[in-house]
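Naming follows writing order (A, B, C, D and E), and every chain is counted from residue 1.
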Amino acid sequence: MTLIDRIRTARATPWVIGGALILVFALLPVLNLSLPGVLPGATYTPGTLQLLAFAMVFATLALSYHLLFGVAGLLSFGHALYFAVGAYGLGIVLRDTQLALVPAMGVVLLGAVVLAAALGALSLRVTGIAFAMVTLAFAQAGSVLVRRNAAITNGEEGLPLEVANIPSELVGVINTRNLYWIALGMLVVVFLIVTWFERSRAGHVVVAARENDLRVRVLGMTPFSVRLITVVLAGTLAALVGMVYLLLQSGVTPAVTTPDFTLTLLVIVVLGGVGSRWGAVVGGLIYTLLDQRLTALSRSEAIADLPDVLRIPLSEPLFILGTLFILVVVLLPGGLAGLARRATARLARRRPESERPLEEAR
Amino acid sequence: MTDQPVLAVEHLELQIGGARIIDDVTLSVGSGEMLGVIGPNGAGKTTLFNLMSGIMTPTGGRVLLRGDDVTRLTVQRRARAGLGRTFQTSSLFTGLSALENVRLSAQVSIGHELSVLARPRRGDAATSAAEERLEEVGLAHHAQTMAGVLSHGDKRKLEIAMLLATEPSVILLDEPMAGVASGDVPELVEVIRRVHRSGRTVLMVEHHMDVVLGLVDTVAVMHHGQVLAWDTPQAVMADPTVQSAYLGESL
Amino acid sequence: MSTVLLLLITGLGLGALYFLVASGLSLIYGLMGVLNFAHGSFLTLGAFLGWEFARRMDDGSWGTFLLSILVGAIVGATVAALTELLLIRPLYLRHIEQVLVTVGLSLATVALFEGIWGVDPIFIVGPEWLAQTTDIGGALIPNDRFILIAAALLVLLALVLFLKFTRYGLIIRAGVENRAMVTALGIDVRKAFTLVFAIGGAAAGIGGVLASHYFGYVSPLIGGSLLIFAFIVTVIGGLGSLTGAAIASVVVAVLQQFANFYLGGTGDFMVVVLLAVVLLVRPTGLLGSKAS
Amino acid sequence: MSAPSSTAPLLRVSGLSALIDGQQVVESVDFEVPATGVTAVLGRNGVGKTSTLRAIMGLITRSGTVEFEGERIDGLPTYRIVQRGVGYVPEDREVFSQLTVAENLRLATRGGAPHRDLVDELFPDLVQRSAQRAGSLSGGQQQMLSLARTLLNDNRILLVDEPTKGLAPMIVQDVAAALERAAATTPILLVEQNLPIVRRLADTVVVIEGGRVVHTGDAGDLLDDDERTQRLLGVHTTGDDDARTDTEVER
Amino acid sequence: GCAPTASDPGTDGEAQPAVPVAVITSETGPLAAYGEAYLAGFDAGLDYATDGTGAVDGREIDVTVYDDAGDTDTAVNLARDVIGQGVQIVAGTVSSGIALSLAEQAEQNQILYIAGPSAADAVTGINDYTFRSGRQTYQDVATAGTFIGDPAGQKVVVFAQDTAFGQGNLAGVDAVLGGAGAEVEGILVPEDATEFTPFAQQILSADADLVFVAWAGATSAAMWQALDQQGVFDAIPVVTGLGDVATYGAYAEASDQISFLNHYFGGAAGTEVEAAMIERLDAAGATPDLFSPDGFVAAQMVVQAIREGGDDVDGMIAALEGWTFEGPKGTTTIRAEDHAVLQPMFQARLVEQDGTWVPELIEIIEADTVAPPVVG
């Protein structure tokens, strides 16, 4: 099924489901639901809301990475840089100026656009693994700058959020639900932006350029420009996410500037299914919840009593996460989105081959 | 050969590592004319097209499009100036459907193709133009098939549909008939003829001699990077050098 | 100018270490197109098992030292071959996924090593001579640097000979481009792939044991810390070019030494800048031929 | 149905089906290749000719039985099938573009190179270009290399997919002659759109449509029967269609 | 008091409810070993301070341990979770970065936070709600200064990694010894450097009277070897901080040529409280180590806060500010102005015993001698 048809018909159902989900999520802070083992407490408790908001921040960040990797086919090892620009940028502006939150965010976003445009223009001179390495280099340089310039960034110890110019509704554990709603709102808005972009003409061209760069040029279009648009959009969105992250966590540390951080995004996007927006979101939520909750699991009695061969691996959260990831990659091509697609396909009898949506044909 | 050539190359030269792939080639095509380029394998026909369309840069000489020197212009600039081409080995967006392939091409001729705000819709100009083109080359039934999984012959047809959708004024066709089922050849010949008659300038590389002879106004014969002969089909076919260099002994 | 000499020779030693890590990576990446993130884990495991072996023998003898290197090589080759068989092979044709699987493997294995051996570095000793120094033009050069340089040269030589005098290099280069077609020429390409992985793993294992002596400890993070430089070296040297990787190793290490010493500890930064410049000026790297 | 032959067929295909990404592209195909001569597989674009060959080679997942010299080979991996003497020339050339011409040939050599002379004689162009990267060869030169890779070895049967596509008329004659020569000792299963070549080489034809065999029989019988050819292949073999598709090289 | 949530039960008339205490620290991750020592110390301290009852004035202390895995985000999420559940006392964490984030949470939400072995000077005086239970970098540095007698006119080289920790140490030395008239020069090595030979040369050419090495992490073995190989020990006296038991092997050949300043090692203090701590640690199968006192003191502070402050955070703060008590290291004071923990420090050396290196006390440095200046 082509993009156009998809817009019209087949995707109506997901939108309805999506709307319903948003509603449910928006209502969580006023509901008393529990999911023992997954969530630390009932849904109205700050701890749970905090965790969910944190997961949504990552889901949104994964969405912005999806633009690069899933849509434009650009393997970037440096996306963390833009996230860090958002988080650190806002932290520094709030600390060093008297700007209120919203204007401060505006300033930082502008900075992110400029930086993404400049670095994007440079790194897009190369493609493929070379692009990955250049972005890695830029991000690594950013990481070094953050760690070395302690006077500005507070170095290793991380930059705390200066709350003086922030509305008091966004400060403190009692107000977690407000931050939760902000995170949810951001997720929805970014999802819509990403969707719109993918379906815009430019979005189609960037996919085409991923498939066959020369062909795009022979048709009279410039892959460079459209890739640059994508890189800037993805970078700006990542900076936005970084700012909300700063508010939520009341601070930021150099850990978010490392290539490992970008690698996490890659893992999330693949977990969810490369090319799938829903996959990126669900992957982001699941990964973060696992990441945060597995630690609790690995400390549990059940595992402590196991014999060494089982206990040692199982008490390492990263081991479980890594193994899980490997299993998904090897056994579930297309990630969670692929799984869901196969499941629905099985339900609705076999869909004809020609109806494969654009994204999965890679 | 008409007074104002639409596309011309002058003393074109390409050297790669000492080898002269294109050696002092001068050719031109007048408006609405159709030029056939023939020659043995490796004569430099595809390379000539690559130089004309900007995929390769010559080491000497000029490429003129409607009198303007475009030798240093990028591929996309030349394409925007109306120069369209197909590839000898099909070059498609393999992960997109056939319709999507053509629609992207149509988008270019319609404009705003890099717009972030505009979204393609069913029934918009680009889409209906694309559907028409697929119909024209006989691929309508494969509109939703991924281009990458089309059979070889169908890919050739899709190449042509994409080319037509960009509404070029000068067309370079590199072996459009290679791999097309013999039963479908007449139909495609008809498509090319129609395109030509609509006033477009066409250059065509083709090894199917009767296709060439049935269509073109002039024939250029290339050999070892040089133009061996450049004349009417009748004259060229009668030329004994052409016979020995290209056609071989007939049955 | 003994400081310059010291910087140069120790830089050469560090470069040798980078090359030992990068050689296997470059081999696998250059031939198979798989950027092996788990390479650091191969190295770490080689280091740990080499140490486990050495501490069970009479610590400190040359025999033990050499045998522990052999153990490292065997361990590296074995895990690499297993990785190829179990994880890479099923993902035939899915390059990105192959890379991702190695990312997952590196996450999981580092955690596993931490579970088994703990997170703290374990300090080790080798033959007495390694900890001593040799005076070269007034610069006291630690002896283990000579071992590193010798080992790197041997590995480079062995790999170059392997590629030159066997058909495997050819098979794999062709196989990466079009695996099905290689089989259609009557060649079992899978065996060749496993072999290359094993060889890359063996190089990593050797690198691991030597790295542990260079650093003076083994720890689960030892491989990861070297991996990023190995990546950089591989890319600067040019995709798939072993000689390129060797040259790049030395360039990177020496640059790093000098910048660290004379330019206020900007070694890493300069390396990153070098990478960016090389890629922008010459995207295929110093000796790389094919564009990616 | 099959061609009269005293000996048992060398290759017997029965109930062969192939599924690509859930789509049936070959449906229960049956035919036999006798121990001598050329069997041509014909059909329009996208009917499944290439897929049939690939299914026999084990390059796509298939079901049904394929017997070669009386033994089943449908469970074997591709390289085993080739090692038994089944030579394959793919449709899209599939030369290793990063390797040089010499390396391509070296890679293809199985146990010495029994027919190096034949290849050198047939394609002198390749000898001359042995150090050139295959990716920079012209389309036709790549096609030669692809053929050469297979002709180099001793084979018991050849599966050849559109060998003359993209070749200049003169080389087409040479290749046809080479195949004719080879067929004297090694039977050939040939996919070809160039009907004059088919007429010259083939003894038996298998016509495929929609993934199924719709006709099997003597080659001459089919090509002489204008009405049947028109129905099965969409071509007039006689008459004066203005594209004169079948008289390409006969003059 | 400022109860953070509406659902806080407050004080009902019924039997005294348990007091929830959250300990957030690394049980996994790169600093897991520190976390382990801290927790063992905490258990011992709680047992000691409550006389084995685990209760204060009949109120149960309900301690829950959370693993931050060395990750700031995880720690903040956990903190907000427990604060949301009404916990008013949070203790722990071994990394300075995490401690600063938790301090921020403590202030935003007005709860009591007692930082663990995170040495950053910045924790001291950061806000009213944050305390610490261990020593800070300044105290380390000041202890190093005690090795050179009168600093005036002497040249001191600080050899450190170019990190917050290293820079903090350099700044500290400059303040302590530079202030006392010494000439202080820093040789800062990039954090990720792996080759230290040239830097060892640099130390030699600096021609100093004392080298103070501030080093953390796995590269220390290679660093010490480089100093040894280049002959630094023969030329200049070297002082550094003695780390936890696991690092005793890192100095190898150089061990007996280095003078160590020390926060704590098993048996250093010789006090009664220390004996009580070691007894309890032994019983629990743990070894006394560098950060055992940090956990122990944290538990003592928790008990004091609850005993005097009840459920009121301000009351707890008041109970701790200016509190002087006997800790495992000796008499310990929590300075009211900035919550710096004034405590004795130690000079030590490593001696070989049965093939391994063990620390031996040289001298106890009084708390006042090494007291940091008041912040703010």
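To be clear about the criterion, a residue touches a chain if its C-beta (ideal position, glycine included) is under 8 Å from a C-beta of that chain, and two chains touch if they have at least 3 such contacts.
The model shown is predicted, which means the values in this text are computed figures rather than measured ones.
A.B. asks: Given the touch definition stated above, what is the smallest step count connecting chain B to chain E?
C.D. replies: Tracing touching chains, the least step count from chain B to chain E comes to 2.
A.B. asks: Using the touch definition from the top, what's the fewest steps needed to get from chain B to chain D?
C.D. replies: 1
A.B. asks: Taking each chain's centre as the mean position of its Cα atoms, how many Å separate chain C from chain D?
C.D. replies: 46
A.B. asks: From the mean C-alpha coordinate of chain A to that of chain B, what's the distance rounded to whole Å?
C.D. replies: 44
A.B. asks: How many angstrom lie between the CA centroids of chain C and chain E, rounded to a whole number?
C.D. replies: That gives a centre separation of 38 Å.
A.B. asks: What are the residues of chain B that contact at least two other chains?
C.D. replies: In chain B, residues 149 touch at least two other chains, as defined above.
A.B. asks: So which bits of chain D are touching at least two other chains?
C.D. replies: 21
A.B. asks: Residues of chain C that contact two or more other chains, please.
C.D. replies: Touching at least two other chains: 114, 268.
A.B. asks: Would you pull the chain C residues touching chain A in the complex into a rising list?
C.D. replies: 35, 87, 90-91, 94, 96-97, 100-101, 103-112, 114-116, 228, 231-232, 235, 239, 268-269, 272-273, 275-276, 279-280, 283-284, 291-292
A.B. asks: Residue numbers of chain B touching chain A in their complex, please.
C.D. replies: 53, 55, 74-76, 79-80, 84-85, 91-97, 99-100, 103-105, 107-108, 112-122, 127, 143-146, 148-149, 162, 166
A.B. asks: Under the definition above, what is the set of chain A residues touching chain B in their complex?
C.D. replies: Touch residues, chain A against chain B: 1-5, 7-8, 196-197, 199-205, 207-208, 210-212, 214-215, 217-222, 225-226, 229, 233, 353-356, 358, 361-362.
A.B. asks: Which of the residues in chain E end up touching chain C in this complex?
C.D. replies: The contact residues of chain E facing chain C are 28-33, 162, 188-190, 192-195, 197-199, 201-202, 218-219, 221-222, 225-226, 229-231, 246, 249-250, 252-253.
A.B. asks: Can you list the residues on chain A that touch chain C in the complex?
C.D. replies: 75, 122, 125-130, 133-134, 136-138, 140-141, 144, 259, 263, 266-267, 270, 274, 312-313, 315-319, 321-323, 325-326, 329-330, 333
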